[in-house]
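A, B, C and D label the chains in the order they appear, each numbered from 1.
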Amino acid sequence: MAGKVKIFPFVSFMIPYIEAITPSSLFITACVIWSSGAVLTVVSDLTKLRLEDRWMTGLSIAGSLATIIGSIKSYTQTQAFGFSGFPNFGLAPLTCLTDSLSVPFTLLLGLVSLAAALATPSFTHTLATKSQHNHFFRLTFLMLSGILMVLLSANAIAFLVFWEVMSVAAASLITTDHIRHRAQRAAISYMTASRIATALFTAAFLWMQHLSGSFDFSAWHFNDPRALPAAIMLFLGAATKAGLWPMHVYLPQSYAEAPGPAAAILSGVVGKTAIYLLLRLLIQGNCESLPVIYLALALGTVSCVWGVLFALVERDLKRLLAFSSVENMGLIVVALALTMLARHHGLDMVMAIAVTGVLFHAFNHGLFKSLLMLGAASVERATHTRELSQLGGLAKRMPWTMLGFFVGAMSICAMPATNGFASKWLIYQAFFRLACDEAPLFDRAIALAMVGVLAFVGALALACYAKAIGIAFLGRPRSRQAQMPPESGIDNLAAAQILLSCLCILLGTSAGISLSALSPALNLLTQCSNDTGSFFPLAIGQLSLIGVFLTSAIYLIILGPKTKDIRTYITWDCGYGPLSARAEETGSSFSHPIGRIFSQILQLNVETEIQGKDRRHFPEAIRVETKMSPFIETKAYRRFLDVVNWLSLTLTRLQTGSIHVHLLYLFLTMIVLVLLGTTL
Amino acid sequence: MNEFGSLLFLPSIAAILSLVIQNPAVTRKFCALAAWIQLVIVLSMLSQILTGHVPNLPFVSGLAVDRLGACFIVLTTFVVASCLTHADYFFQAAANRGDEYSANRVKVFYASTNIFLMAMTTVFCCDSLGYLWIAIEATTLSSAPLVYFERNKYALEATWKYLIVCSVGIAFALLGTVFIFAASQRGDIQAATLNVSELIAGSKALNFPLLRLGFIFCLLGYGTKAGIFPLHTWLPDAHSEAPAPASAMLSGSLLNCALFGIWKVSTVILAANPTAPAFQLVSVLGTITVLAASLLIIRQHNLKRLWAYSSIENVGLMVFAIGLGSGPLFFLQAVNHSLAKVALFLLAGNIIQATGTKKLNKLHGLMENAPSWAAALALASLAVAGAPPFGAFVAEMSLLTLSLTDHRYILALTITIALAISFLGILSHTGKVIFGAGKPNFKHFAEKRAVAIPVLLILCSLVIGLAVDTATWMPGYDHKHISQTQRKVAEVSCR
Amino acid sequence: MTLDTFEALSVLSAILGILILGTTLLRTNLSFYRMHTLAIAAVTAWIAHITKEDHLYVVALGVFLIKVIFIPNFLNWVMKKVDVGSDKQAFIAAPLSMHLGALMLGLSFLLSKQIPGLVGGHDSHLGSTAAMSILFTGVLLMLTRRAALSQIVGFLVIENGIYLFAVTQTHGMPMLVEMGLLLEVLVGVMISGLLLFNIKKSFEHIDVSQLTELKD
Amino acid sequence: MESLLTDLNRQEWLRAGAFFFSLILMPPLTVGIIRKTKARFQNRIGAPIFQPFYDLTKLLKKDETISNHVSWIFRSAPSINLSLLFIVACLAPWTTLHPFGIPGDLFLLIYLLAFSRFFTVLSALDAGSAFGGFGASREVTLALLVEPAIMLSLASLGVTAGTSDLTTVFSFENVKLQSQTGLWFIAGCGLFLSSLVELSRMPADDPTTHLELTMVHEAMILENSATNLALAELTHFVKIVVLLGISSQCFLHSLPWVWHASEITRALASIGGVFFMAAFIAVIESVAVKLRWTKLPEFIAYSVAMSIFCVLIALSRGTN
């Protein structure tokens, strides 16, 4: 085994350059760069100034680089800084804290925003007017600085302020192409979900302030039973923002409607801020109350299975990715619940592995989900459609997007030698260790059951992404849009995808080394100081080297010499004559067998209609239609919205317009008030 | 009497002159200028009280300005000044659009606005409940012509309802004042009095059942004027039919006067018996108002009625602040609401003038037609809905923190839910107005000048949101752990 | 129980108030209102005589001049200009509302016993009974009548009820406050009269119950 | 890697040599045995046992024909699959001749198998033919149902042994597992049933059928020809050996005498076990009939039930 490498190799190379600058100044420069970009767009709106895309992407890249270096710098040096004077949010001044827990998340933000910035120029030419350009850049910068400050703020009020700024900026970013009503509806549903999350957070923060007397996160302890309602509200708020099962409804709409780079940032990083909050408060505040644990386990498991099932039968590429992030978020929350369960039973090793699994999977999911989103966005940019039934045969036309999407799919399905496998392996290992340790029987049963469920969900994810790649990229083009001219070389979008894919593969193969970078975060969260690198003993790096060597050996020795005399001919058509693209497997038929097995959950029903005189033997026209109604949206949310509408309808009926009725209200209230006042 | 006279001197001159001057352009410019000068006068006269050196400034026996009253006078004058400045643009835009308002209508508008300003200033100077009642009734009567400015059927109906419901409501407030006066007479204090300062001083000796009855009737009367939930029916009609500057003033300053009335009366009953169950009614009424208004906001079809209902919601929040017994918090919420709401009504006026319709489903694509208006509308609606960087967020969070220290968990939870509902209602309506395809027949007229005042107001709200630390700015307010009664007595005594 | 003269007068004003409810003819309403207010002015004068509060005399004179002479004449003039004779069918038939008014008198008699602090000292609870019943009459008038004019009369009756409370219980508010009240009532009636003209001009009727366009 | 270089004793190298020798010989031989037994059951002589070797060498010499819609995935899938299966064979505990005690982690193995399935499915979809798509969709559905069963049975073995590294679980020194004959046997049955479905043998899918609509595995390699087909077939043969090997190891561990037997007898027993399993499969294929596609989930339910039994045993025994 290669010797244990203590410091992340990348850091040791950079230290001489960035010794002098403190992480706080780097993060502040990132915020200043981004907000100056936003102000620049406002100025260009008011004046005739025409902003070149190059400058704005340059600004954005500078901001992300500052964030990346800042997070690396804060890896070695924890720093608490605040602004006593200017931004003072009434109840508490703006105090920030960069410690080892915020390192993975700020690094993720830096990397994903760098990739999104790289990809932006190839999207902005699809935006028609100058005002839309400025709108897009202004709100991206606002969202990015909002996310950064959310990750840094150390007290509840500052957190809420920047959380709201982030949510409002993200919601209005979704309506960049605001002429379409779908984009507006998506923004409203996104806004509703984030406002519900904010309301739950506000209630939880107020309760904790009531208990502890101050708004600072460090002063809050979640281990005393009085903090239980706050912990539950906090978890539900984070679940809404991360998009867990019952509150996932807004996720597919808003990720699908957002423009390319924005969708990458939204799906990659914004969901992770909720996980960061849970880590910061529940884990660091060592919460171990059983109701929260079992609620998290239940919601996480259901959203794992639910998300991937609906992703499998989804026909729109971006919605498919959104549903699959519901699954991954469920996975992270399940691992979080496992950490708290392990702490409750005092099993330190299981707790350490689970926390490392949560941190590493959140980081990895951010990377490969934004990679996939960029791939889907580049497909939408080229073919102007996201419907799988109209795509096909894009591999030859868009080789780089295909490669990026392929690496992203491999890592999301946790294929060995990718970062997805390393983090999912850690979560498997945590559950496995819990089953082995002497925990109560019920929890060991849950752990083993979870191993089975995760295997099931893994297989479903494999099916889902096999469909996504197979239908979208391979085979024959199914529509005229898909037959567009091939991409010319590597444009900046492809560069972004290549950057992210290399990161995924690098993290995957060097899992042992890159994991040891999480030791300080583990130490902060759970006070056990073993090196996280040791949790991943598999020699995954050597194995992938052997695998590559073997494949190339087989390819060169056996297939190589014979490549020149390969004959190309039509695909096997079983004698029916040259088949058109319609004979090809479509997205819905690929997932139909699985849909049929789970038809209760998916509400899948198939109508076949056969016309013709003798319908049984000589059908003239057959029409088959499969309909699938989303169970949660139609049953639960429709009813809830009807109740709210009915309530406000009855209230508006109160305003009858006739003055006599208004006077009657006055006198009735008088009588009621007098009675209440005097008798109380 | 001389300071009080000099306080009202300039508006009275402006009122008379605006009736005399024939050329409307001159009256417009002159009244706007007079209002800003009045603001300077007010600031100079009340500087001692504002900076806290002098507890209060007595004029005549019944009139005395305390710290809260002084702050409200400054706020009201600032609101009226900004509305009048915008009214200048409003009338020019109306002329440009074709239906020029006749000269004498404009004269009546400016005359009644100045009288309205005088009445509101006297409200905040009143120490005697009798004078307070007269001043509030004067504000109602002087604002009736403002509501009736458009002279069409709807304005007529709105004015009639406004006048009748408010007058009947305030009559009950008079009944309340009578009961309080009877309580002071029956109580064994040396001279029966209506002055709040003396009532507070001898509060323990007052005949409590009578005082409580009087407090309830005053709450009912001034509550009708403020627009508490079951009694709010006149408010949406009056605010949606009045012209934009007038409805801005109605929402921005008139509601504060009625709430100031409720605050004055509640200080008396607080002094008498801080834990009186009757006083709990106030915070419960406030919560009901916030919840009902936020539900009503969802189903609005008219732009100005939407903002009227959001005013009702903020009135509910202020009543809740009064129910908690915290004067400074009541003022913080009032400032943020007035700034944001005036900006919104002025913008609504611009939009209605440019598009010609008030219907929300016909308004869309403001971002295409007037990007600066769209940005201002977005920021202003965020400010009024309580989004963080703006002042309303600070006010609402301090309100909820204070209510939790007072162990009012159910009320705090209801208000958090109601605030979320109203935030979503307001933003979805504003989103529909801003986004979407542009309207073809959009009449542009001096787009940048129209948005000057609203942007100024939004900036003030932003400054309050970011730069003001509630602990230092308001000495009486301290959200650390102080028990309910001890804090109330502390606050009342600092008055 | 020996009725003090001011109690007798206030009960008389209460009864006159209930008579207003009796008819839908606006002209007779106004005349009953005039007599009812005259009785109240007399009560004020008599209380001034008993308690030797000389500022009450001035107030009684003010009430007499404004509320007994000026306002009814002004309303009659408005009625002539608007030429509306009677208040078409009210929500509740006029006689029935009168009986309701009488019932209210009985109810307010019972109520004034319960309300604490009103009864005390030398003034008996009859004064507060009369005031309360006038208040209820005013409320009934506003709730049941359709014509705008009778709504104004209803408002004035409520105003009288509250004024009577003030006089009988607290021997009159400070002088300046009383004068302020009278001035407010005067201006209020003038403005609503002005509005009445415009309603007639634009709606051709002054039936307030048809003004219902402004609703959600 | 240190263990490989330092204690370089003769016996270790001998075991490695035997392992690689059997890895090269056994896959085609096992398939040969299956075909031979099936032929004997239909009382015909049948092709010689070494026929698969001849087929592979024949295919390797032929020229390849591929569809014109094919991308790089189709061209590279067979070589990637073969190398993956070769790695799985080195890690998985399918024979006691496990070379140098290389630690083969349970989850790594299952996800390596999933990786090869991912590539096979994609190469099937690559040609854009209806049959490839059909086979891919069915393969994925079956895998979805089978994977939890395999995972749970191996995981319950690991839980009782206390480690997720299969090499130590299947090595005969593990005392806790010695007394678990019931657990070994049920795990063996569960794994055998799942491997029947995984290798698409008779009850799940008929390997010799020519009706594309009923095929699963064959439909996916419909487009391969010559060298591609040879590599695909070899990958499939290695997979057969590995999966049957693992289930036979489970059965071997359930026999108490094997725990005390010497190295040689264990090696011979494991090789014999694989061939016995192959013959057993041939018997099933001759006797049983192919199940309809919609009835297949019920068949897989048996293997899932077996794995649940293993889990219950693992949970109950774990408390001592």
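One rule holds in what follows: a contact is a pair of C-beta atoms (placed from the backbone, for glycine too) under 8 Å apart; a residue touches a chain by one contact, two chains touch by 3 or more.
All of these numbers come straight from a predicted model, not from anything done at the bench.
**Student:** Remove subunit A from consideration and name each group of chains that's still held together by touch.
**Tutor:** The remaining chains, counted without subunit A, group as follows: B, C | D.
**Student:** Need the central chain here, defined by C-alpha centroid distance to the all-chain C-alpha centroid.
**Tutor:** Of the chains present, the most centrally placed is A.
**Student:** In terms of C-beta pairs in contact, which of A-D and A-B ranks higher?
**Tutor:** The comparison resolves to A-D.
**Student:** Could you state the distance in Å from the CA-based centre of subunit A to that of subunit D?
**Tutor:** Each chain reduced to its C-alpha mean, subunit A and subunit D end up 36 Å apart.
**Student:** Report the inter-chain centroid distance for subunit B and subunit D in whole angstrom, where each centroid is the mean of the CA atoms.
**Tutor:** 79
**Student:** Using CA atom averages as chain centres, what separation in Å is found between subunit A and subunit B?
**Tutor:** For subunit A versus subunit B, the centre distance works out to 44 Å.
**Student:** Compute the distance, rounded to whole Å, between the mean C-alpha positions of subunit B and subunit C.
**Tutor:** Taking the average C-alpha coordinate of subunit B and of subunit C, the gap between them is 32 Å.
**Student:** Note the residues in subunit D that touch 2 or more other chains, in rising order.
**Tutor:** Answer for subunit D, listing residues that touch two or more other chains: there are none.
**Student:** Give me the residues of subunit C that touch two or more other chains.
**Tutor:** In subunit C, the residues touching two or more other chains are 142, 151, 208, 211, 213-214, 216.
**Student:** Note the residues in subunit A that touch 2 or more other chains, in rising order.
**Tutor:** If we look for residues of subunit A contacting two or more partner chains, we find 652, 655, 659, 663.
**Student:** Could you please write down every pair of chains that are in touch?
**Tutor:** Chains touch in the following pairs: A-B, A-C, A-D, B-C.
**Student:** Contact residues on subunit B for subunit C in the complex?
**Tutor:** 62, 128, 130-131, 133-134, 137-138, 141, 144, 148, 151-154, 156-161, 163-164, 167-168, 171, 174-175, 177-178, 181-183, 185-186, 192, 194, 207, 209-210, 213, 236-237, 240-241, 296, 299-301, 305
**Student:** What residues of subunit A sit close enough to touch subunit B in their complex?
**Tutor:** 42, 45-46, 86-91, 93, 131, 135, 157, 160-165, 168, 172, 175, 178-179, 181, 183-184, 187-188, 191-192, 195-196, 198-199, 202-203, 206-207, 209-210, 213, 644-645, 647-649, 651-652, 654-655, 659, 661-663, 665-666, 668-670, 673-674, 676-678, 680
**Student:** Under the definition above, what is the set of subunit C residues touching subunit B in their complex?
**Tutor:** Where subunit C meets subunit B, its residues are 115-118, 120, 135, 142, 148, 151, 155, 158-159, 162, 165-166, 169-171, 173-174, 176-177, 180-181, 184, 187-188, 191-192, 195, 198-199, 202-203, 208, 211, 213-214, 216.
**Student:** Which of the residues in subunit B come into contact with subunit A in the complex?
**Tutor:** 160-161, 164-165, 168-169, 172, 209, 212-213, 215-217, 219-220, 224, 230-231, 233-234, 236, 277-278, 280-281, 292, 295-296, 298-299, 367-368, 371-372, 375, 378, 382, 387-389, 391, 393-395, 397-398, 400-401, 404-405, 412-413, 416-417, 419-421, 423-424, 427-428, 431-432, 435-437, 465-470, 479-481
**Student:** Give every residue of subunit A touching subunit C within the complex, in rising order.
**Tutor:** Residue positions touching the partner: 652, 655-660, 663-664, 667.
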